[in-house]
Amino acid sequence: MTDVTADPVRLGLLGAGRIGQTHARSIAATEGARLVAVADPVEAAAAAVVRMTGAHAVAAEELLNDPAIEGVLIATPTDLHADLVERAADAGKAIFCEKPLDLDLSRAQQGVAAAARRGVPLMIGFNRRFDPSFRRLREEIDAGRIGGVELVQITSRDPAPPPLAYIQRSGGLFRDMMIHDLDMARFLVGEPIVEVSATGSALVDEAIGDAGDIDTAVAVLRSSSGRLCVISNSRRAVYGYDQRIEVHGSAGMLSAGNPVATTVTRADNSGFATDPLNDFFMERYADAYRLEMAAFCTVVRGGNVPYPNGRDGLAALAIADAASESLATGHTVAVRRVDGTP
Amino acid sequence: MTDVTADPVRLGLLGAGRIGQTHARSIAATEGARLVAVADPVEAAAAAVVRMTGAHAVAAEELLNDPAIEGVLIATPTDLHADLVERAADAGKAIFCEKPLDLDLSRAQQGVAAAARRGVPLMIGFNRRFDPSFRRLREEIDAGRIGGVELVQITSRDPAPPPLAYIQRSGGLFRDMMIHDLDMARFLVGEPIVEVSATGSALVDEAIGDAGDIDTAVAVLRSSSGRLCVISNSRRAVYGYDQRIEVHGSAGMLSAGNPVATTVTRADNSGFATDPLNDFFMERYADAYRLEMAAFCTVVRGGNVPYPNGRDGLAALAIADAASESLATGHTVAVRRVDGTP
Amino acid sequence: MTDVTADPVRLGLLGAGRIGQTHARSIAATEGARLVAVADPVEAAAAAVVRMTGAHAVAAEELLNDPAIEGVLIATPTDLHADLVERAADAGKAIFCEKPLDLDLSRAQQGVAAAARRGVPLMIGFNRRFDPSFRRLREEIDAGRIGGVELVQITSRDPAPPPLAYIQRSGGLFRDMMIHDLDMARFLVGEPIVEVSATGSALVDEAIGDAGDIDTAVAVLRSSSGRLCVISNSRRAVYGYDQRIEVHGSAGMLSAGNPVATTVTRADNSGFATDPLNDFFMERYADAYRLEMAAFCTVVRGGNVPYPNGRDGLAALAIADAASESLATGHTVAVRRVDGTP
Amino acid sequence: MTDVTADPVRLGLLGAGRIGQTHARSIAATEGARLVAVADPVEAAAAAVVRMTGAHAVAAEELLNDPAIEGVLIATPTDLHADLVERAADAGKAIFCEKPLDLDLSRAQQGVAAAARRGVPLMIGFNRRFDPSFRRLREEIDAGRIGGVELVQITSRDPAPPPLAYIQRSGGLFRDMMIHDLDMARFLVGEPIVEVSATGSALVDEAIGDAGDIDTAVAVLRSSSGRLCVISNSRRAVYGYDQRIEVHGSAGMLSAGNPVATTVTRADNSGFATDPLNDFFMERYADAYRLEMAAFCTVVRGGNVPYPNGRDGLAALAIADAASESLATGHTVAVRRVDGTP
């Protein structure tokens, strides 16, 4: 928790698109934090953040050089991430970078190395680690409530596929969509993931298949001591955004389901009915986004909180790479070891 | 929805205790609203609101006379409510007053009359009408989803009794605790309540019985066409704040349950377990409090939104009076008709 | 549990209508029990039982005089119950009699007295006490899991009203339908019920009102130490047979809900859906009917099992009488004390 | 449904162990069916069935040659299955054979061929197809309720591992335990399974690993058009027998969960709790076993009901073989095509 009586944490935002605006709103609602500057070449986007927060719209260069800014959030298109991480590290800022650091593991490693060299914290936007239910899974595991973890099952389904143009430069389902689940697997399995076997199909939209990608996928991960994790993904779930996790251990099982907007059930002669799930990930993870920003504020001020860091970003990307290779070859693929990864 | 591009709605807060601070926080989080002044004889309380919102701490008189303030929130002890409503009405402010307007129906009627005379809106703090699930019940009824309403069942249980000193000047369980459920009954039954029979016991704490009050109660309400509503209350629920409603109609049933803080279930050899409920009504109704303030801001600006008004406050109080009489006599008691009540 | 290696318990059935046939089927499925005779003036009814069980169709007189028959089940129309109980008692048979013993409390008392005089066990068909979930409520209460009982809430709704002709000679909703819930209240409250206040309306079918009865009702019971029990009844529940109970105690809460035929949930873009409930009480209580017969077999053989006896029948009837009077007068009514009732 | 007025279906039972006794009990409870003979070299086992059903204890040879017996149930140890199927086919009996037909696919094929040659029906004991909830999944799919099937997720966990001696001659987890899920996958995916990738670990008991088997496993199946099915298995679930299925389609999702013994929930200051699941598959699938026998009786009489036949047994075995190979090689393995398999 940041000290609300102290000066507020001063932050700058690079990239004012959908996710950037989400972070801006979270910062506005965080006591003890202030967004002082925003940079986005799209004027309307920057203006929206200005209206919402009172931040100044500036050029990225200016923002990075402003000594009053303690931490920066990088929420630009992916291909700018690594470069901005390096520049922000050079400027000595604490960094929050949206996932993925880069679609290419080597390039991503350079970014992580830059932050390490400058000794600045680098937090990666794996927001789901801050979801109260998923975080609680980890706490229960750590408290020994289910004994040793043996099998994790992650179901993760989007309401509908993104535009084809997005998919074409997304790096593929494993790097774009499953990356969140791969991080969650690491978060919950509690051991290095050493092997992956993956498969998938284009069942939702043929055009996705024609573009060389898949929209329905399953990956099976194995950890160093033989723990297993199954992840199933689909780009379509007509009943809403569906994100569930089960963790099976030697002494019990934990599950986390989907939050609901209301608790209302309706019964009539055709039976009992409840609403579809949220159909937008920003509503689904509203609490997680807010808690994520609060954690970053603490990180900026040097507070000691757990957070997904650069190496977590690399490790998830390495598993995604292995999954992509497994899909292509039909073989189980060893995960490339990323230096320092737990 | 208030227009965020326009000038913010300027509000003043009278009373900065627990519920006053809750409203202050809600206003701070409402785009298009600003708390400009707060008055509370307890300096520390006022100071907390100042820190949270940037409002100025002033005397009540000054606040009421400030022409820049459009609406006032009355969150003082109950015995000051009616007087402050009258003064705020005289000052031409839109008024939000915590429930109950007064423990005495006649005094409460004077307050309502004052607001009517001055033509200022008077909103009563029946926050539960803004709970997303309970509001949804009403919407489903209005949409004809369950046909005509026949029977409403309201379960309402507090985690633990308040201090005895509070109970002694509370007006008794029906006026203090069940008043919320009586308003909810009116909200959902959709017809005037004409008769009440009520019973109760002091089972939780003997001292409550010694003080002439009860802590466990059931009231049965009958509407003009014979619709029934059962309300059960207890001052104790060790598993947390428990607020549930069922509405049975000719063509179906609606139910609304308790929200949960996480969706986590734990299974082990003793079975399946989930967390207790929230044990504090401010967490339980956090969304409702926020939506209530947003509604008041719209009311201040003359927007057309449904809200519980002065006559709703009187009508609930009249039912509480009848319930108290029924408890004392063992007879079904006719509810005193409050002028203009639906 | 009856000893299956011993001779089977030999039973006779008086009345082979719907409920009689249910019992016949249960006996056929009970190891260690045999239905040897059935008597019903309606030949087709008796024949159905003969086919199902191999029992002989005989006259009631012959059945009652058959020394080989150890226990008789009385499942005739209600107005014959008391007379047959007396004759079976005179014949020295163990007796199972469907509820109610008689619509008139004095006449019912004569039947109970006859059984007591002859020293034969008299079990009353309050089948719900054998429902595994409801029985479990009692076991948990007895085990002290929720501390002292404070408030019991019983919701009991039939899918649709019976024919008007049935209602006209039923004794009214309290004696015909709520009688089961009144017994359940006694079963769970654990203290004598001393006072009742009841209300009701004819909302489902005007003709029921014209016949002087109600179809929607609420009764509030108070026990000797002030424990409360609320029962709500309706003759209509379009979503199926709805029978739920909550027991609130000083240290916790127990609830029992409706069983489901399958665990299947269907989700689509309109949300999540499950099936309606069973719409027939014989399916709903299939297990209870079976366990009830098994208990009776043990009773016949002198085994020591808890079962609802004649005094339980009288006590429930006395509460129904009080509820009827409360409905008529609008007053809380003291329950007539039935000799020996707990 | 068999015609109960006709002569009962006369059945013989080969093997009177645990599962044989279960079938005997089901037959006893099936109107229109009679178990007339039982053969088991263990006298006590046969005697138990005799007591339960009145069947005669005979030698297997005699049972197979008895012209009065229309259908035989083979519930012996697995290594006798294929031989008995051939002998029963030669004797012209309708055959119900427990799964698996044989651990060796070629040997199993000989059994299937023998039945085909003689034109006798051969039903395989995949009891889960008769579970009311799982059967309902299939009906909903067939009714088009969720559009085209895209992804099936099967979770299947036993309470505790069987004795090591059993595991050593079981053919391994895929052929012994997952075989049920592989059949269920075929039942629900609705297309031939063409490829499998599988992995597993010995996490529950090291001795299982030392015996060359696994106790925790995941298999991913792919059908001819690219539909996916994930199966996760564990030999341990401390909270009881856990069998759940989700079917995701283009237009929705179906799920089936675990039945519960009671609907009772207990709430106290530590939260809400329900019972563990059944811990024995015979309770879990009691309804399924009963419906399975009823289906077999119809099959014996030539009635037209869907049932898992010999080729279903072969197809599941072929997938288990492929899964075993995948586990050993780390490669995705093509499933051997079994003649005539859908």
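Per-chain numbering from 1; labels A, B, C and D assigned in written order.
One rule holds for everything that comes next: a contact is a pair of C-beta atoms (placed from the backbone, for glycine too) under 8 Å apart; a residue touches a chain by one contact, two chains touch by 3 or more.
These numbers come from a predicted model, not from an experiment.
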{"item": "Contacts common to chain A and chain B (chain labels)", "value": "C, D"}
{"item": "Longest centre-to-centre distance from chain C, chain (CA-based)", "value": "A"}
{"item": "Comparison of B-D and A-D (more C-beta pairs in contact)", "value": "A-D"}
{"item": "Chain A-chain D separation of Cα centroids, rounded to whole Å", "value": "42"}
{"item": "Chain B and chain D, separation of their C-alpha mean positions in angstrom", "value": "58"}
{"item": "Residues of chain A engaged with two or more neighbouring chains", "value": "238-239, 251-253, 267-269"}
{"item": "Chain A to chain B touching residues, read off their complex", "value": "4-5, 29, 31, 51, 132-133, 136-137, 140, 145-146, 251-259, 261-269"}
{"item": "For the chain D and chain A complex, residues of the former touching the latter", "value": "148, 150-151, 153, 155, 157, 195, 197, 199-204, 216-218, 220, 222, 226-228, 230, 232, 234, 236-239, 242, 246, 248, 250-253, 330-332"}
{"item": "Residue ranges of chain C touching chain A (in the complex, touch as defined)", "value": "238-239, 267-276"}
